[in-house]
Structure formats: C-alpha cells, structure tokens
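Each chain carries a letter (A, B, C and D) given by its place in the written order, and its residues are counted from 1.
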C-alpha cells in the first residue's frame, strides 16, 4: 500500500479482536466516517477477522495484518492479509434465508453480512497470502 | 522479529500518538505488566515517538513502526523503527540537573527519562532505518 | 455483555445488555442452552439493552432455536434497538421468529 | 486536560486536571504565558488533579519559569500526585521550585 498508510499485524487469535477493531475504527474516524457506517465497518471487520482466527490456520499458529489508507472520494481502503489456507470470500454462496428453523444452516451469515455491507470487495492470493481488499464507501449500507 | 509478534505502522504525526500508546499498552498488559510499569512505559513511548514526529523527518513525511514481542523472564521487547535522519538516543549527554532556572536547558529531558526508566536500550542503523530496541523489565524503575 | 433471566409464569424472560460478539457469544449460548436443558420451552429475549450483535450471536440463537424446535418449544424477541433490528432484517430472522416491540407484547403473544 | 485559573490576592492559582502530554502541552503553555504577559508575577500550580505529565509539560514549565525569572516573578507547585511527583524528582525540579503538599501551604509560603 502507499506510503502514508497505517498497518497493524498481530497473532490471529481471538484475544486480539478488540484491538484490531479499535485500530480500524480509528482509521475510519480519521477518514471522517459517521457513527452508523463505523458500526457497519465494525461488524464487517469482526466477521472477517473471526473467520481468520477460526479457519485460516487449521494446524498451526499464524498472523493477520490490516492496512488502511484513504482513497479517492472520501473512501477508505482496508486490506486484510493472512498466510492461511487459500480462501476467497467471494466464492461462497449466500445462505438460504427462506429456510425454516430446522433446515436453516447455522453458519454462513458472517460472510453474507460482509457482502451486504461492502460493495467493493477484491480477493487475491499472492506469494502464499490471502489478500482481501475492501474499498469502503462512507455512506451507510443498511444499518 | 519473531513470528508471533505484534506490529503497527502509521504516519509519524502527532495525531497518531494516542493510538500508538494504546497499542504498546495492550502489548504490555498482555505480558502481565502492572499499572506502575505501564505508566512508565507510556511515558517512555511518548518521549521516543514525539521526538520521531518532531525531528526524524525534517523535510518530508514518513512513517514510524512499533513491534512488540514477549521475551525471556517476562520481559517485553519493543522495537521502534523509522526511516528518518540517523539518530542514536544513546549518544546524547544527560541534561545538567544542577543548573538554575536561567541556565537550565529547556530540552533534553525526554531522552533522559527514557534512559532513566529503561535499562536495556540498543540502537542500530540498518538499510536507511533507525531501529531502537527496548528490552523492558516488568519491574518499575522509579515511578 | 450482561444476561439476566427471570420467570413470568412458564415463560423464561432473558434480558441481554451490551454486546454479543464472537468473544461473548459462547457465554450467551451457554445461558440459553442451560434454560432449554432445564425444561424451559418458551423463551422471550428482551434485547432492549443490546447494542451490538454479530453473526456469532445469531449462530447461538439458531442453535438454541433448533434445540427448542425439537422439543416443540419457541423463542420470541422483544425491544430490538436500531443496529440489532437491522441485523435481524438482513438475516430474515423475522420469518423465523416473532419479533415484538416490547416485552409486554411478547408475553401477550404466548 | 482542563485548566482553571483564579486569583488569591496578587497570586494566580492555576489548577490543572488530566494529562499534560505533547498533545495538550501547547495549550498549557499558552495559558501560563498569557498570565505572565498580563503581569501576573506569582503563579501557584495546583496539580492535585494531574494524572500524567511528560517532558513536553516540563518544557512548558521551564519556558514559563524563565519568563517569570526575567521579571523577578516565581512559580510554586502544590499537591503533586504519585506519578507526577516522581517525574519532578527525576528532573530535579525540587531544586528549581518550591513544591508544597497543599495549595494552602503554597499560599502561606508567599
């Protein structure tokens, strides 16, 4: 990412969740995002990070990195990086929201929220890393 | 630094001070440091960081990075990195604490505090970077 | 997160304050499962003090709902606040559960 | 940081709450310099509510002390709390300034 970006890298463990959320919140605040959009970003980041904690490193420990940078039109670019197993969030199907309680899958809502709240998501796998780039509009989506 | 360290990198500007202090505080808390030592570490980090904001990049913008890692004997290793002008904190003389108000230099206390509160400080210049490594004992020094 | 439970006749009213996120969801789920295991078949969740819920919390709700369903029990929700209401909406939880404006309304529904 | 100033006869009593760090020190220094510029020659700094001070704050104090010295004025300190007291100690500020346990004692000193 560009020169004046902000970055953080910590072990991919639940104990670091709040610290990482605070980091992204202060990036977004600095970009002038409003309370409603900050709440949406918090949710999106929790969903992505908790998935990395839970699934990215099935048989070893590893790190997760976040980089933030201001982009054009008051947008915020957030890049999440891990060295876990290859996983493209965009490859998942949306959950079946019509299903009743017995049929309904208990998983799948996390990634769905991310896609509902952020329009511009890009994924790439590069030298052993998953790199997820969110280009976040300051306008709230639904929350 | 080792694999399971924590890192942050942000623009070297005063607006990031509180965020950087919070980052180091949570590393030190996670290492089990007590309140008194946490306060000392906060002071030390403020002094080092504010100097980087004020002096490291006299004619351009730049970044500052902090990495934390647990070391032996419950110690915490903190590495502060910038790409500013070469500066070795250890090269400065202590201020003259005997001087009266008129003679006394208004500067020089920041680096002095750092040296008083942290016993093990190492400096190196490496591929255009100042790298300052503090090995921080959990035992309070004076505060 | 703070959970408190009281009985209103045969109904267990569970009030949750604060945040249900991936850190607190396990405790939330344990609380609900304990009620179901103790034989409670009707749960009213009062979310008046709930500021935040993520998919981890919805997952706990679905797990409990499935346990209740297997015993012919049910779950109702009351007093959802703005952000939580929106999360329920995008998750289409309204088609799975009765969602009431107030706890009183939920208790009358039973 | 919060600063409040009142006069006790010819003495300006400045009470500071919170933190004097590199972010807030400029405001602190401006407040002190304004008093000196207005002709106040005796300042009592009540640090009872001060939790934290870094070298940026001590720098502001030294700047003001030099301005006062040039006008034959002086600065006294009162009610330093633990961490601030220790910072004053390692900076040997006790040899530059009268440091009192309470504001009353400082006012009696003058």
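Of note:
Here is the rule we use: a contact is a pair of C-beta atoms (placed from the backbone, for glycine too) under 8 Å apart; a residue touches a chain by one contact, two chains touch by 3 or more.
None of the values given here were measured: they were computed from a predicted structure.
Of all chains, C has its CA centroid at the greatest distance from the CA centroid of chain B. Centroids of chain B and chain D (each the mean of its C-alpha atoms) stand 26 Å apart.
Inter-chain spacing, taken between the CA centroids of chain A and chain D, is 48 Å. Between the CA-based centres of chain C and chain D the separation comes to 55 Å, rounded to the whole angstrom.
Among the residues of chain D, none is found touching two or more other chains. Counting partners per residue, chain B has no residue that reaches two or more other chains. Applying the touch definition to all chain combinations yields A-B, A-C, B-D. Residues 14, 17-18, 39, 42-43, 46-47, 50, 53, 97-98, 100-102, 104, 106-107, 109-110, 112-113, 116, 142-143 of chain B touch chain D in their complex. The touching residues of chain B, when paired with chain A in their complex, are 3-11, 15-16, 19, 22-23, 26, 30, 61, 63, 65. On chain C, the positions that touch chain A within their shared complex are 21-23, 52, 54-56, 58-59, 62-63, 65-66, 69, 82-83, 86-87, 89-92, 95-96.
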